[in-house]
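As written, the chain order gives the labels A, B, C and D, with residue 1 at the start of each chain.
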Amino acid sequence: MLPDQEDDHLKECCGVVGVYGDAEAAEKIYLGLYALQHRGQESAGIAATDGRDIRMHKGLGLVWSVFSDHTIMPRLTGHAAIGHNRYSTRGGSTLVNAQPLLIRCKSGQIAAAHNGNMVNAPDLRRSMEQSGSIFQTTSDSEIVLHLIARSDKADIVSQVMDALSQMVGAYCFVFLTPDKLIAARDPHGFRPLCLGRLGDAYIVASESCAFDIVGAQYLRSIAPGEVVEIDAQGIRSHQLPSAHVKSACIFEFIYFSRPDSRIFDEKVDKIRRRLGKQLATESPAEADIVIAIPDSANTAALGYAQASGKRFEIGLIRNHYVGRTFIAPHQKTRKQDVKVKFNPVSGVLEDRRVVVVDDSIVRGNTLKALVRLIRAGGAKEVHVRISSPPVKFPCFYGIDISSRGELIGAAKTTSEIRDFIEADSLAYLSVDGMLNTVKEGCRYCTACFTGKYPTVVPGDYNKYHFACCGALDDV
Amino acid sequence: MLPDQEDDHLKECCGVVGVYGDAEAAEKIYLGLYALQHRGQESAGIAATDGRDIRMHKGLGLVWSVFSDHTIMPRLTGHAAIGHNRYSTRGGSTLVNAQPLLIRCKSGQIAAAHNGNMVNAPDLRRSMEQSGSIFQTTSDSEIVLHLIARSDKADIVSQVMDALSQMVGAYCFVFLTPDKLIAARDPHGFRPLCLGRLGDAYIVASESCAFDIVGAQYLRSIAPGEVVEIDAQGIRSHQLPSAHVKSACIFEFIYFSRPDSRIFDEKVDKIRRRLGKQLATESPAEADIVIAIPDSANTAALGYAQASGKRFEIGLIRNHYVGRTFIAPHQKTRKQDVKVKFNPVSGVLEDRRVVVVDDSIVRGNTLKALVRLIRAGGAKEVHVRISSPPVKFPCFYGIDISSRGELIGAAKTTSEIRDFIEADSLAYLSVDGMLNTVKEGCRYCTACFTGKYPTVVPGDYNKYHFACCGALDDV
Amino acid sequence: MLPDQEDDHLKECCGVVGVYGDAEAAEKIYLGLYALQHRGQESAGIAATDGRDIRMHKGLGLVWSVFSDHTIMPRLTGHAAIGHNRYSTRGGSTLVNAQPLLIRCKSGQIAAAHNGNMVNAPDLRRSMEQSGSIFQTTSDSEIVLHLIARSDKADIVSQVMDALSQMVGAYCFVFLTPDKLIAARDPHGFRPLCLGRLGDAYIVASESCAFDIVGAQYLRSIAPGEVVEIDAQGIRSHQLPSAHVKSACIFEFIYFSRPDSRIFDEKVDKIRRRLGKQLATESPAEADIVIAIPDSANTAALGYAQASGKRFEIGLIRNHYVGRTFIAPHQKTRKQDVKVKFNPVSGVLEDRRVVVVDDSIVRGNTLKALVRLIRAGGAKEVHVRISSPPVKFPCFYGIDISSRGELIGAAKTTSEIRDFIEADSLAYLSVDGMLNTVKEGCRYCTACFTGKYPTVVPGDYNKYHFACCGALDDV
Amino acid sequence: MLPDQEDDHLKECCGVVGVYGDAEAAEKIYLGLYALQHRGQESAGIAATDGRDIRMHKGLGLVWSVFSDHTIMPRLTGHAAIGHNRYSTRGGSTLVNAQPLLIRCKSGQIAAAHNGNMVNAPDLRRSMEQSGSIFQTTSDSEIVLHLIARSDKADIVSQVMDALSQMVGAYCFVFLTPDKLIAARDPHGFRPLCLGRLGDAYIVASESCAFDIVGAQYLRSIAPGEVVEIDAQGIRSHQLPSAHVKSACIFEFIYFSRPDSRIFDEKVDKIRRRLGKQLATESPAEADIVIAIPDSANTAALGYAQASGKRFEIGLIRNHYVGRTFIAPHQKTRKQDVKVKFNPVSGVLEDRRVVVVDDSIVRGNTLKALVRLIRAGGAKEVHVRISSPPVKFPCFYGIDISSRGELIGAAKTTSEIRDFIEADSLAYLSVDGMLNTVKEGCRYCTACFTGKYPTVVPGDYNKYHFACCGALDDV
């Protein structure tokens, strides 16, 4: 649930929140971003409007840090606001791509923030550059803002829909004008976006945990292709042309979203538990106890334990005090040292045959170190169970996978991986088993497991690096 | 396990580490302090020696933050070092009481850091002031350093023992001179202090989790009244006069220490689980599932679930991204808002009768808010079980309890507390049940539950506020 | 010479530097910006290229502070770089308008920085917005970058010239592409821009003091309308269409530039001294000594003293330790308190009749307080002499004058101003006298004194606020 | 006047301020410290009392920076306060020696801050260590606080006098208790300390410029050996036993103090001007103009110009924007580069024979670089005149001179120094000439010029390094 830079996890692409109609809109956004911190820790930003101007603050770091100066929040007054968390890329952090973006065009001021990745962004960007546009960021939001500004439609909602109908890929957008909040989800519905109610106000967010923290009520998921317009006249729904295959990202259930969130109108916790149960059914193990790699695999491990009738135990303690800029004194040697973050509970592990549940494997190095740690804690046998299928293909829809080269699932067989991580046994969940856990499994994207992409993708996708919420880096 | 400022938990009194004989001693201390961060988050400090000088750095904040400037660690060279984490008092933070203290006296430079609270510190301080001493801090370490400097013994170890034999109360000390590391535990043995081995080096620490992070091997607990001297000649053990009742702090098992630590030569995890099992035996509940207040009550809740045959579930998600200086925009309203830190998992709680296990209750406000949150998550019934007896009396040995006035256990009956926290039922562990979980239960201090203090204490103890690792504030 | 936020001085519009052909180009820019710090203290930025990419860093604050993190400069590698200092506006500081701007367009990456103000920027901006452009800043540089990107000329220099020929007003630009440095001065030649040589490298800067600090040699002023292109092939000069009246800003001599600089191919010190001499001739005073308001009026006061045969003295000491964010504890009362910055030297002033030379008066409040301070220091009589004519009209060419309303010279007669500042006498330099001090006086703009604007200006100019290096704020 | 780390100037030993009877005492101290910033830039601190407690804040950096957090000043409430600026030592900065020191002893809380250096501090420290005292700093203030605490006198003023009468050397002290301000000057009167009046309140400060900034009135110099006690009963004067030779530090006039200050009941500006006049009389030069090394030599240069009938000019411009932590990118090469701080005004220097007045020479490197710079600016001849005699001996009374080894005046003859700095001629002021400029010249200490020390001094003084306001470093 709580990814960070050193985890061997796929990296998600940001979280968004929007509020309209609350006297302290920016404060609600602040708390919502705080609840969505797991979706992005590199930068945070809020744009707010009092009906005349839009004011914005953004910065590098965690939400509480970016807004810790006591002079910032009082300037973000007004009844409507949007916010964004950006995740931490492998490259150096930079403020230039922090969101929201705030621009002025013929329709006045517009702020925009999004989660996702648009497949045709590089082409659109190139084409707009050829026709004389300039780009100050590599964010896809800038492309969409250009398209909005160039649209000859009469009103801002039509302009937004005009712009979005030219985009192919995964996105959830929140737009703010001085008198309107607009939220949009791509026709495939890759990324989650929820609608909630907070007194007289409306709130939209990537996950419903952002509603809980402000006491808002969950209404529903915003539909694939739906554009929601909220202003003084209330709420209205529009639909983008969408003869598209629904393709919600199933990795949101496996790992990205918080278990206490509701997304795609499902409770994450329920699905995640089912993944664990299904895994136990498919791949039982001769073992005494079941433990999780905390905290992300806790729920799946509980499911595994329940279905297998084995005892769930806490076999690893995770240190949560790691600072964002934590640097061990001699960084070279410490960087991969899982001992800084995890410690085995030998009282639990000693002389036990242990099932270790994790949600996924990217490169495998961390898991290998954890298996060693668990053995050092006294475990007799270590049986690794993964609550998702092997990740073998890059994602073009907002997950940061540099290339197939770094995916151990693409390079090795399961038994080779078992040897690499030095486990006594290793099993992944099957694709079919995974899809059994969700209603209408056909509505989900499984491209990273199967290579079946629901949209056209760049021809030689092995060579691209998709920066999050941005264009292809090397195109 | 991971206390912080807003928790309704008793506050522990710091952690200490010392290393002798390692070429990168200060780095080991740094990692050790990082592992002991749960014992103190207000300030951190390291003193290191290269055999000639002692150099020190300390500051307010978490360990990684205090030492984040890249110029600091390279200055702390040498083969021996000590370190200290100080916990966060309710009053404002101040650097003046950060430890270690580094002084120069007739024996040369000495640095000292300690965990605990000495009962006769105010008297000693007053008496030394009368005889012309000055005090620059309110730390008990300064008193001991004065006593060392005034001692007419021939060598530093004798001076230390001379000084400590005048102190009454709870303490674990680490001292550093340019050529020696000295570690000492009070004759009652209130606070834990462990000895470990790291290659040719020795390491001492409040808990063994500080050994694991550097790859050191646990040797044993330093005995009550033992003074360990480590230098180029190796390790030697001395004993303070100690016709004292052994009185290890049982709250270290209940809450303070990490479950993956070994203290008092026991595995914390084992005892904590037994507390939960005993609680289940004493106070079963008609319920469907067992959940913990994460993360501190996880292990006890597992024990309760196991003994009661009920399913352990994760019913509350805790947000770990809270920054140390986290301030919600409108702090007045947010301060107590547990929603910022916890969120219920409704998929788990809905329509369930829930046993909630927590380790202790201080004021009860947080627990009351959590019970409401759990009900809001859908629970039909909420049965609270506490894995320790009611805390009714102040501690004079290093736990920060301002006065009986703030202890709900001192002011209300269990049924009144149940009403206050709005639970369907409430039960505490019995004192006898608690003592059954530890070998030789008579070796433990139970004063905060029973009022039976193993030392003389100030007459009117209701009026004193004991600042951590320091003197009485109002004497 | 050294304006700051609390001075009663007109505020200049930034400084620019560019270097091509030096292995440590960014370091030269850094030092050049440091020498030009008086032209802008709000923000600083450097863009550098190694021939492939352009990398940039900018931030709020003084140059040394913006670049103090030791990781920044090592990233700005390469043989060519540009830099910019932005001055401090009255409104809140914001990073959004900091320069250089770095964009990508069909010609690749371009960074731009400028000093000045373009009169037709609002019209161009509006017109571009209508045709679908978006603006992320209010900087005129963004307009020019849009024009460059839209130009259908074949090469970058032609595109730049195409863009600039559409701009009306005052500007000096430095552009950086991965293989070229381009410097341009508007056809009126309002703002200074100098060309220098540093070994094999070329350097351009607003003032020659930026050459001295890096040991570069002054070559010449870049001519009005000249566009200088510097790359691996050497240096080439182009000319913008320029049937324009030459209109160098004479206030650069009066106040903005450093006395040790050469601008417009003149030594500032020489002209500034002549202003003082001319003032003494026009408006002698019965007095004993001549003092300056330090440091900006020092040179003019020396000239006055010399021409009048009176002794120059240092009658006011200025405290240079004021931090950029200096806030006296009770800011409301201290803000205008000149005592924080100036102190009279009573040994000099006591019982003397004093001529006080200042360079200009904007609102008059500071001067009034200084006159009181000088009397409090013991002066018998205070005769104020101003080394420029009364400022009566707003500037549209890069000086920050909000409106005529704040100009005491527009609202009051000289004798009314004398009464307001409580001086025994007051005299300004005449416009003709001022023009006598420069060669070819007709080449200079005197609009702020005379209202004779060398370009078309907005109709109702009293209502506009011209933000520095940016568009009209309220259009 | 404004020393900083890179100047080739002797370094002064701190500034002190104290206020009693003002409702915003700490704010007055803040402003006073700001005015005294030239006496110390390493650290700043304020202790204030509301009659019950003393609260303190201190930190590394300039005054405005140390107190910039908006929560600090509001905590320093009360009617009485003291403050301290500490100068920047060559070694690393450290908070441990920042002043004031705040202690508790049998008389309650006492804060102390001082300027100066006590010759017998090492002996006292050693002797107190032998009798069991501990030292946490190397500040002489700590020694005096120990002596106060050990004194058996009945009241705090008697204890202070008891303590001070054991100290030999140079000091000005301010002490604060919850109900009293005590100010003391050593019997030799080495360092300046002035008394002023601010409404009903009293103020003491190292220099009177601290009075001007708060609008206080200068009353008189505190006499050598005088101890001033200020409390609710008013002001009372006590006298230390003082059969001592009066020995005011004449370097305060030459360089340390601000020209607008009054010290030793003399106006600094007057004496400094006389030094320049006397220098002109003793050592005229065939030259066209007189310039100063700004800003410290401005006043002496004006005196020289006046007495010699030559024109005073501003031939060097000094950049005041240097930040405290200014580090040029490639520090190794820039460190000594005077071009970063000074720039010649070629319009003034070209083809001129120039007299350059400076106040003193320590190592000579900076002056050598400046002579080159002046020649590079076009000067035909450079005649250096120094407004003090050659510094040949270390100071034991608060000036930071490491050893004779670094004093060019101790190692070379005047003609050798002239050659070293590459001047056409060089002359120093004579000792007698210097003493002629002050009333009762015999009251001044000339030890650094003559080696005639007014107190006993350590035998082999060449080997000691006297840290400022602290003990001998290597004893």
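By definition in this document, a contact is a pair of C-beta atoms (placed from the backbone, for glycine too) under 8 Å apart; a residue touches a chain by one contact, two chains touch by 3 or more.
The model shown is predicted, which means the values in this text are computed figures rather than measured ones.
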Self-check item: Far-end chain from chain A, centres as C-alpha averages
Solution: D
Practice problem: Please report how many Å separate the Cα centroid of chain A from that of chain C, as a whole number. | Solution: 48
Exercise. State, to the nearest whole Å, the distance from the C-alpha centre of chain C to the C-alpha centre of chain D.
Key: 37
Quiz item: Where the centres are mean C-alpha positions, what is the separation of chain B from chain C, in Å?
Solution: 60
Self-check item: Chain-to-chain touches, reported pairwise for every pair that qualifies
Solution: A-B, A-C, B-D, C-D
Quiz item: What residues on chain B touch chain D, complex-wise?
Solution: 92, 95, 101-106, 129-130, 132-136, 142, 145-146, 149-151
Quiz item: In their complex, what parts of chain B are in touch with chain A?
Solution: 1-2, 24, 26-27, 30-31, 34-35, 37-38, 41, 62-65, 67-68, 70, 73, 209, 212-213, 215, 258-260, 267-270, 273, 295, 298-299, 302, 306, 311-314, 317, 319-323, 325-330, 339-340, 343-348
